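Below, each structure is written out as structure tokens.
In the two assemblies presented below, chain A is common to both, partnered first by chain B and then by chain C.
Entry: the complex of A and B
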């Protein structure tokens, strides 16, 4: 028996094309990183792990990778907590300021990173509280650009949440805080984890904003790749790219697996 | 077990009044239904009692204690929602244990209570199930068990049957009523379904536009409706335009199509003013039945007849107005064809005179 395929052939063709456009550059980076030649060229002259090794021994790339990883972790943590709190306010409050605040929270996504970076830089210098050119300032910048992603996903799950389960918890004797921890939070966890993955990936790859806030001794991976390509056209940059791609892929896989696992466990 | 009193409970949102000075006293162990169309304020009233909505004015008093300033978790009032609100991330056992855990009961106490509650609602063996593996009726039983296990002072039921299919609804109606009687728990039941209210309640409060129009036993509500709204909301009624000649000691003398008739009333209606005569289709007597009762008779023309199995439904015209009569479909009773002229009548007790909507005052 033939199944009628609901997706027209044209659509499938377009989808395949789009997927190719998205994935081919990734493939090129990976292949370029495994190049055995002296320069970043494509197609590679032969395959070797020399640039991968170079990544580990390079005085800039490995520290930059570690910094980006740590920065993304810290950003994700702060962004997830603040973003979740903001979402609760945005969905629950009857305040008139709500729409204004929603706009404000999403502004960093709309504004060009360069504008935001410059604005933050000037603001940090002007306030002169030691945030300019510091790790703390960098984290603040990254939280600003990643939080909208958390807010978007968490808001979506809060809107879907049936308020009567919270009310049921309250009338069974739970304080507002207990109802939140025992009922609301577990139910919006999928939204929160999706938001935190976004935050991590966005922070790890953040470039324009970081350009303004980083210092020579605070080089994130995107910045390190950029400067290495400017001054030496080395395949190490591509090798670093391989690691960045791996990290993002692995973190995405782990978190989806984790949230799926939770679902599977509760389904029994 | 507790009694509950609502004192001029009011809730307004800006200019619109959702609940308008509702006063109500519900006895210990009583099953009280708030019945009304959507938007009449019955749910808002219930949510104020539960503590989810803060009243604009008035008080909620349980066992002499003013609950109005207390948050829901301090009220000891259980509520079952229309959609049951089972916690989807917890098993049935954890759902039921939820309130007990918050009350810091010991593990063994909780286990015993959960088992007993499941047995009570007939769901033994469902401990490890989750919401998505439960039918609507089962979810409702879990929701009830979850509430009852905490031994609340008052039980609130918010349209608990409206999400179920018809057969199950009939079954649950009696099941809930039985459970309520067995436990003797004071219950407020919100519904828009008159059948549920009539069959389950000890008393019914019919609500309209934020106010209780009439409060009484199902029999009083059905047989002695106090207003035209209650009349038309509960069951079917013929509402005829009549002229009121005199009202004396709950008896009204009226005129319909030149015929002077008697009917009962609880209202003071001015002489010579227009009024409404309200009579249920099953109380309209026809032919020999009417004559045998010795009541004043009116000539009516049969417009049509509808066959309803056990009942025959006649649409009649009397004095230029339409009136519906329902007769039992039994072989020995008279039947009429459309166009036939038939004498109809009713006993004084079964016909009620009400003032035109908004006019007149009740004399109790």
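Entry: the complex of A and C
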């Protein structure tokens, strides 16, 4: 705004500060992972790929990265299917239970992660069907906290959908299932993809919930980095972080392209 | 995370004009999700809270059915625990205030930028930093703020200080860490409500001779109150429930409620007592949410 009401200088200054608070820590991780010395000093000692190479032979960080990736994939698959089906109900049904159900589906992200992790852990031990400290248990927990993101994104794209296209298909003789499969589904695919990418990122970076559910041989990347931070600042952890940063940046770019960014923001 | 719950996407009211085939019995679509939530969310969480009324037996995890208020009595009679509640609350409030002060200008610039390219770029940067694994961001923050970190090293090298400043492993570190983690949620909550203010209102006031600050204080700020309430309470709720930030940035020296929960269970094995602390934590964030709804209604009542 450089006409009637320009942004005050103080505002620009504080805004720059806020951006620094958000971005400088990320920048430091990248620098620490590419720095040649053991500790990051200022100015950095020099550029080297030794920590990145270390990451690829690391007995802790590489398996942790793979586990987090696989866990996020499985979680995304399940929560996308469950969440998309539920979203169709939430936007199409005339039932009075809709609002209640919508609230119910969002509860898992309102509950503090530590509390949810603890509740699941105790439940898994009580029921004693082998879910405690298992990969399946971890996936269940992650599906709970990622499904709300799928539901939010997919319901948004279903609400925006022009129903007359589906009606046209129906009036031309398509069965409800055909009309949905051939007309509606392709139209909401960007929304579903954005929701599933969202779910993937949330699962990949999940820490608090995983804390109670993981075991020493089921270490996700956030947990592996956490334990290395409590005892030593291994630059290998920062190198692993660089890969996570790339993954998250690419996914965010794709998902913002898929779901209209402006609309996403005006909804908040 | 929870900002999605603050304003769920509104769906159109189901109209009677819609053909009957569009509103068939759709329950089978939602049943898998309901069963999942019931089995793996409602039952576990409710039984956890139920077990908080069980007598605490160290190492005993199964339900015994000895009803007692002991766990709650212990929380409210031992200063160790009730000061932790108080500590969590004031840290949460401080984090929300700092986020509001430093987040508002950035949200304003994104919402009001005449150059859409810049607004989009900043928004994407905010989104990326929000979605990146917290532990990775805390790594960067710890390298920056530690006793031998970049800030202290730089200041000592410049001769400004001789002893490292205590930036980490105390409440300063915890607040900075929580601000870093929750700031994007504040910014995203604010953008929508600032954008919904008609710029003509501000321009009118400006053209009638108000100063920029006066316009900001009397028009922009009051009209963006819904976003301010939403962001503040969301950040508060996220800040009091965080475990990883006080654990790393506070180095276990700043004991908040989530840290108590973990310690009670992982170190002492007092499951029932840990469950009671968890219930208190959940109630505190629920109170914040209830206050938020009351404030929002009162605000809308005065304006609309």
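Keep in mind that, in the parts below, the second predicted complex is superposed on the first by the 221 of 268 C-alpha atoms of A that agree within 3 Å, B and C clash if a C-alpha of one lies under 4 Å from a C-alpha of the other, contacts with A are read in each partner's own complex, and residues count from 1 in each chain.
Rule of thumb we're sticking to: a contact is a pair of C-beta atoms (placed from the backbone, for glycine too) under 8 Å apart; a residue touches a chain by one contact, two chains touch by 3 or more.
Computed from a predicted structure; not experimentally measured.
Student: Just to be sure I read the superposition right, which of the two partners does A:192 touch: chain B = first, chain C = second, or both, or neither?
Tutor: Neither chain B nor chain C is touched by A:192.
Student: Under the stated touch criterion, name the partner, chain B or chain C, that contacts more residues in chain A.
Tutor: Of the two chains, more chain A residues are contacted by C.
Student: Let me test your reading of the model: by the given contact rule, A:26 touches which partner, first (chain B), second (chain C), both or neither?
Tutor: second
Student: With the two structures laid over each other on chain A, which partner does A:230 touch: chain B (first), chain C (second), both, or neither?
Tutor: second
Student: Determine, under the contact definition given at the top, whether A:174 touches first (chain B), second (chain C), both, or neither.
Tutor: Touch status of A:174: first partner only.
Student: State whether A:239 touches chain B only (first), chain C only (second), both chains, or neither.
Tutor: In the superposition, A:239 touches no partner, neither chain B nor chain C.
Student: May I ask you to decide whether A:93 touches chain B, chain C, both, or neither, giving the answer as first, second, both or neither?
Tutor: A:93: touches chain C, not chain B.
Student: If you stack the two complexes on chain A, which partner ends up touching A:132: first (chain B), second (chain C), both, or neither?
Tutor: It touches nothing on chain B or chain C.
Student: For chain A, which residues belong to both interfaces, chain B and chain C?
Tutor: Dual-contact residues (chain A): 167, 170, 176, 266-268.
Student: Mind listing the chain A positions that touch chain B in their complex?
Tutor: Residue positions touching the partner: 162, 164-165, 167-176, 178, 182-183, 186-187, 266-268.
Student: For a test of understanding, state which residues of chain B touch chain A in their complex under the given definition.
Tutor: 50-52, 71-73, 75, 77-79, 81-83, 85-89, 98-99, 102-103, 128, 130, 132, 143, 146-147, 150
Student: Under the stated contact criterion, what part of chain A meets chain C in this complex?
Tutor: 1-2, 4-8, 10-12, 14-15, 17-19, 21-29, 32, 39-42, 82-83, 85-86, 88-95, 98, 101-116, 118-120, 122-123, 125-126, 140-141, 143-145, 147-149, 152, 155-156, 158-159, 163, 166-167, 170, 176, 201-202, 204-205, 207-208, 211-212, 221-222, 225-226, 229-230, 233, 237-238, 241, 244-245, 248-249, 251-253, 256, 261, 265-268
Student: Under the stated contact criterion, what part of chain C meets chain A in this complex?
Tutor: Checking each residue of chain C against chain A gives 1-12, 14, 18-19, 21-24, 26-27, 29-30, 32-34, 36-37, 40-41, 43-45, 47-48, 51, 61-63, 101-106, 108-109, 112-114, 120, 122-129, 131-144, 148, 150, 153-154, 179-180, 183-184, 187-189, 191-192, 195-196, 199, 202-203, 206-207, 212-213, 215-216, 237, 240-244, 247-248, 258, 261-262, 265, 271, 274-275, 278, 281-282, 285, 289.
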